[in-house]
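Inspection log for the structure reproduced underneath, given as structure tokens.
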Amino acid sequence: MKKMIMPLLAAVFLTAPMAMPATAVERGGAMSFARYDDSVLIDPVWAERNPDIWMVTNLYDTLLRNGEKGALEPGLAEKHEVSADGKTITLTLRQGVKFSDGSALSAGDVVFSLERARNPDGPWGNLLASVTGVKAEGSTVTLSLKQPDPTILSVLATFNTGIVPKAAYEKMDGANDQEKAAAFYAAGPVTSGPFMLKEHQKGSRMVFVRNPNYWRNGEDGKPLPYLDEVDFEIIPDDATRILKLQSGEVDGAEFIPFSRVAELSADPNLDMKLFPSSRIIYAPINSRETKADGSKNPLADKRVRQALNYATDKSAIIRLVTFDTGMPMTSLMPAATTYHAGSEPLYPYDPARAQALLKEAGIEGGLDITLTTLAGSADDSTLFTALQQMWQGIGVNLKVEQVDSPTRGEKNRSGTFDIHTYGWANDINDPAQVTSWLGYYKHRQAVGTGWNNAEFNTLFETSMTETDPEKRREEYKKMQEIYAEEAPLLFLYETPFAVALAKSVRDYVQSPLGANDFSTAWKSK
Amino acid sequence: MPSAAYLLSRLLQIVPTFLLVMVFIFLFVRLLPGDPAIAMAEAKASDQQLAEIRERMGLNEPLAVQFGYFVKNTVTGDLGRSILMKRPVAEVILERLPVTVYLSLYAVALSVLVAAPLALFAATRANGPADIAIRGLFQVGLSMPVFYIGLVLLTVLGAKLRLFPVGGYGRSFIDNLYHLALPALSIALYTSAILMRNLRASLVEVLDSEFVQFARAKGLPRRIVLTRHVLRNALVSAVTLLGLSIGNLMSGTLVTETVFAVPGVGRLMLEAIFARDYPLIQGLTLTFAVIVSLTFLATDIVQSWLDPRLRQA
Amino acid sequence: MTTLDRIAPARPNRLSGFAARALKRPAFLAGFAILGASLLLALFPAAIAPYDPLAFDMTAIQQGPSLAHPFGTDGFGRDVLSRVIWAYRVDMQMAFFATVFAMLIGLTTGALVGFYGGIADAIFGRVVDAVITFPFLVLVIAIVAVLGPGLVNMYVAITAVNWVYYARLTRAEIMAQKAQDYAAAARVLGYSDARIIFRHLLPNAISPVIVYWMTDMALAILLGSSLGYLGLGAQPPAAEWGVLIAEGRNFIMTAWWISLMPGIAIVVTGLGFSLLGDSLADLLRPKGR
Amino acid sequence: MLDRHIDAAARPAVLEIRNLTTSFGPQERPLVAVDGLSLSLKAGEIHGLVGESGSGKSITLRSILGLIQPRGRVGGEILWKGRNLAALSERELGAIRGKEIAMIFQEPMTSLNPLLPVGLQITENLAAHTGLARAEREREAVALLDRVGIPGARARLADFPHEFSGGMRQRVMIAIALASRPQLLLADEPTTALDVTIQDQILRLLQSLAAEFGMSVILVTHDMGVVAACCDRVSVMYGGRLCESGPTADVIAAPRHPYTRGLLHSIPRGVAPRTPLYSIPGVPPGLGERPPGCAFAPRCPNALDVCRDEKPVPSVSAGGRGLACHNPEPGPTEETR
């Protein structure tokens, strides 16, 4: 956690791990947790929405695991090796690992799971696009690649490569893998992760129970998890979710609105957690030479884009929208991403400079810009009101256009917007995903901005087969510099995951990727 | 008892209405801009999946034939696949429906419990200070949106006084009497305002009526006058009103289920709308229409059982 | 004035007598006063509201009611009183636009099917049956789902459903009027249908519709604010009572005034409409009972 | 007729109403519906109570049985067999209502409970006032329906009121009222809602039943024709007060009160068809609009100044005639002012 921390965030974090006395963990008991939305299908391959994705690793363990600072740690594979040409990955499986039904986890299960994960129909199949084959020999599994793929190890630590039991899975009926996955899930699946699914009343509640055969050990030297049971309750309404926590009906509540963080931090019965996330809020700026209607686009001039960035008081917006829980963007990628470079907030507030840049760009007599926001989003409406007031000072007349999410997506695709609000969160712990999304022209025209920078594109293509980590780091550094200078985005802020817990709950973690990790959580009695 | 012929004719009356309801719902997706198949499919649907949907909905056929497909699919319980839940719509709805039915019945029971005694109290003191006070109070109730009533109850009875849970759904029938108390009360306070106004008016009318005067003039005991002559007659209009307010009740569940995080079809409807899950929206709209017409039917039957004048078909 | 205009029953708009009776009723006066005040607030919010309803004031966040901010401030330091006042503009608009077109369409349709009867009336009957088979809110939000959220779409959705209720009411009134002697007389005199419907029948059938319109405007505010609360009606940052309540929802335990005050505005305005509607109903009711 | 009247006059009074005052609304500003009415009724007598609508005659009937409470207040005395009905509790009245004094109403359509079979509506009366067992009650109900002239009585016990015609419904109501053999029947415009031919049948039925059961009847009507046809004595009411009373034949032959004259004028007798009916000009005053003097003064052709300022005091003259008028029509005998 090397990033700049806002005062409130610091307070929360400093009191959490450091001030806490090293109490011995206690085992057993049930923890109840209020979620903002329900899972539909918790399956490595077919999990598509966050409420599904973020639960997968509780049920299915991966070969590798994400550790501190983006480092990879052994998971179900004790050892991994990348061949010199970067085209072969060899993994050695941990001995004696069992599924929740007591059957042994074999290399055959791994091959089966990875083959499933490669299914190009699945939403995450392209993460394994470089893989040409998976073979098993004893307890060794070998992946063959088309070309070197620097992201592949991260992918092996990502939820979509969670290991499922081949035998139990194949018993299921279904016309295709998706239907089989649904049937497998509905039957109460045999799992490899710390928990098993006991009950799931869709839309209402879900119950996880301890997997007695889980391999990882806890602090007390006995197998994880500590909790016997996790009861999830689905409470989409923010205020109700918090009330349930405050009234002691649940032990934890996720997605606390930032506006309530200060209040809950002050509540002596609660432990208000802000987990760093890979979530960034930004606004793509249409950088094409001409607008969709054929007229000249003033935003094509990078000086205008820079001016807008300078004219935006990010710390005010962070205060208004995130109530000081967010932090300004320091690069195109979230600070928690591997190879993130940049220690200073991008484009500090400088209206004079903004004005000068606009003048330089030949913008006189004001500029009309439309901000496309999400209808019904309070954050977007706050952002708009703030930007309108801030930009007035440099002669920019900001108008608002409110649309729903599909329409916004459509406008992004077709380039029929000036600036619109958007958000991103990493799905894998690797910079390639976010960099490609935001800056690589061939992938959706650099997040729909139409920004097409040859140097950036070449760098990105090179990095995609770069196996030397140091060279790759350099390439990413360069890309981040170019991107910051060119400013195809209005750089806004990063937000943490805000989770409030009862004081009795300890060591619950939400990863920067969002995964809800109950494996090490425990409850003091 | 209503005759079998009456029941049958009443059932047959539903058919044309329902056909029209189906036409509305059928047109619903077709009014959307673009290809209905795309609207009805998941965002990432493959061409093959789209083709399957076209086949199932008969989208390449003339509109009348498409309607035929729609009716056939609906009657056989095939409402398509939910985009949001990735499961058959009918399955999703059936799973959530009992919650809403429970909540509605609970709300009806509460509103009768609140409205009936107050209406009787007010009617027997018509235009007295107590009557005016009660009516004024309920007039205020009628001007309050259900979500606001819910919010106030949730804050005061739930969060502040901790008398009831602030949301969610229980695990058993009895548990739900407790868990759904606040949402049911929120709906009930609104519907009981309507019910109380109507019941009071019909009680006043009945109490004033010649046949109640006649019953009193006959020297019948007060208890018999009240039960046999007053309440029974006032009940007819109350039952009608309760039946007709099923629409209000459903609208009420939609709002309260959202405020109190109750996993019923009302909340599902909003989830479906925000996710633009058209198959689910369609299925839910149809479900609500079925609930309402069944309630109308039940109301008619109860009414004709109470009132012999309505028994001739 | 033709002879027939004298045959037709007197219309209830003998203004002086009406006003005299109306002014004797406290309910009418109260309703009239509430709505008059509401209308003023809706027309001149800028002159009345003490603050800019959108301006953030980071030095005055979530302050309770005080002299400077009688209704307190919200999470961005915006003055709740000013936001409630500006919301009058949106909500009174909602009351009007969500109902007026429904009423006009309903009056015309109801008058026509009521007058001509026959196949059009039979079809209309079925349409009514089908429309009342949907819960009002469900049908409206389903239409909003197609059109997308927003005020104008909400008006369209409500009108699309609501006209049926007006038409049903008008039809019944027209049928009743048609049965009266003067209507038959008008026919015998050979007046055109349009003249009979719009000059003779409709003016006599209109008062229950006007009364219903009053109560319906109150319902439109309830419905509109519910949609706003659910995120399907007016969109933030526009100040609308339902939206304001939704904004304050998160702070209900710590800053109750943000949600409470707009709610009171809804109740008071709704009460104004129903008081006026109920007393109009009494005043316009034919004498004798 | 005359003989019968003399015969009746010799009998003792069963009901004696003295200074009956019935009012509604707030105590301090009461709306007086019946204002100091006195009336006496002999056993077996059919007494007509006549006046336009709003004259207080129906309220008088309801006051006798205490049916106007709890919304109205009754003052004065209603002496029935020596007990003052006006002072009895609701409970004590319950034992008299329906049993000793029965009442029938104007609208047979609305006076029967539409939701209950007529059999039940008769037997519930018997259940309340007699010790008859269920089967006996039913037998009695059939006998009663039979007596009032309903064909196929047994089969019709289970029928509902809407399955009867208007006249038949009135017969059912009479049967219900007679169920416990009352000594006094209060009939509130029992024929107004019926066709003329049926009116006649019902009146004759009432007359014969009164004779058969030795029952007194107070017959409220606004129709002098009805009074002439079947009443022994008549009392004319206007604006809640008594105008004139006396033996029917005497009053009809020589009305003294201008209002009575007006009423008699309005009976169509021997006029050509399609001649507009005579009606007294003007309308009766509403409950709150009674003038300080004689209630009829504003419409009275004989009105003097005194009529507008002072209430006329009722007086009784020979031959049992009562009168309350400052300026009456000349009568056969001299006034006793």
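Every chain is named by a letter (A, B, C and D) in the order it is written, and numbering of its residues begins at 1.
Note that in this section contacts are C-beta pairs under 8 Å (C-beta built on N, C-alpha and C of every residue); 3 or more make two chains touch, one makes a residue touch a chain.
Please read all numbers here as calculations on a predicted model, not as lab measurements.
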item	value
Chain-contact steps, minimal, separating subunit D from subunit C	2
Chain centroid nearest the full-protein CA centroid	B
Selected pair, greater C-beta contact count between B-C and A-B	B-C
Relative to subunit D, chain with the most remote C-alpha centre	A
Whole-Å gap between the CA centroids of subunit A and subunit D	90
Distance from the mean Cα position of subunit B to that of subunit A, given in whole angstrom	41
Where subunit B and subunit C are represented by their mean Cα positions, the distance between them in whole Å	23
Centroid spacing, where centroids are CA-atom means, of subunit A and subunit C in whole angstrom	47
Numbers and ranges of subunit A residues touching at least 2 other chains	237, 243, 246, 404
Residue list for subunit B, restricted to those that touch at least two other chains	159, 258, 276
Overlap residues in subunit C, where contacts from two or more other chains coincide	231-232, 249, 252-253
Chain contact graph, described as a line, ring, star, complete graph or other shape	other
Every chain pair meeting the contact rule	A-B, A-C, B-C, B-D
Parts of subunit C lying in touch with subunit B, wherever the complex brings them together	126-127, 129-130, 132-139, 141-142, 144-146, 218, 222, 225-226, 229-232, 242, 245, 249, 252-253, 256, 259, 263, 266-271, 274-275
Contact footprint of subunit C on subunit B as seen in their complex	16-18, 20-21, 23-24, 28, 31-32, 139-140, 142-148, 151-152, 155, 159-160, 246-251, 254-255, 258, 269-270, 272-274, 276, 278, 281, 284-285, 288-289, 292-293, 296
Interfacial residue positions of subunit A with respect to subunit B in the complex	40-41, 121, 123, 178, 182, 201-205, 233-237, 240-241, 243-244, 246-247, 249, 404, 406
Contacting residues of subunit D [partner subunit B, same complex]	62, 65, 67, 71, 90, 93-99, 102-107, 110-117, 124-125, 128-129, 160, 162, 173, 176-177, 186
Residues of subunit B defined as touching subunit A within the complex	44, 46, 84-87, 92, 95-96, 99, 154, 158-159, 162, 165-169, 258-261, 263, 267-268, 271, 276
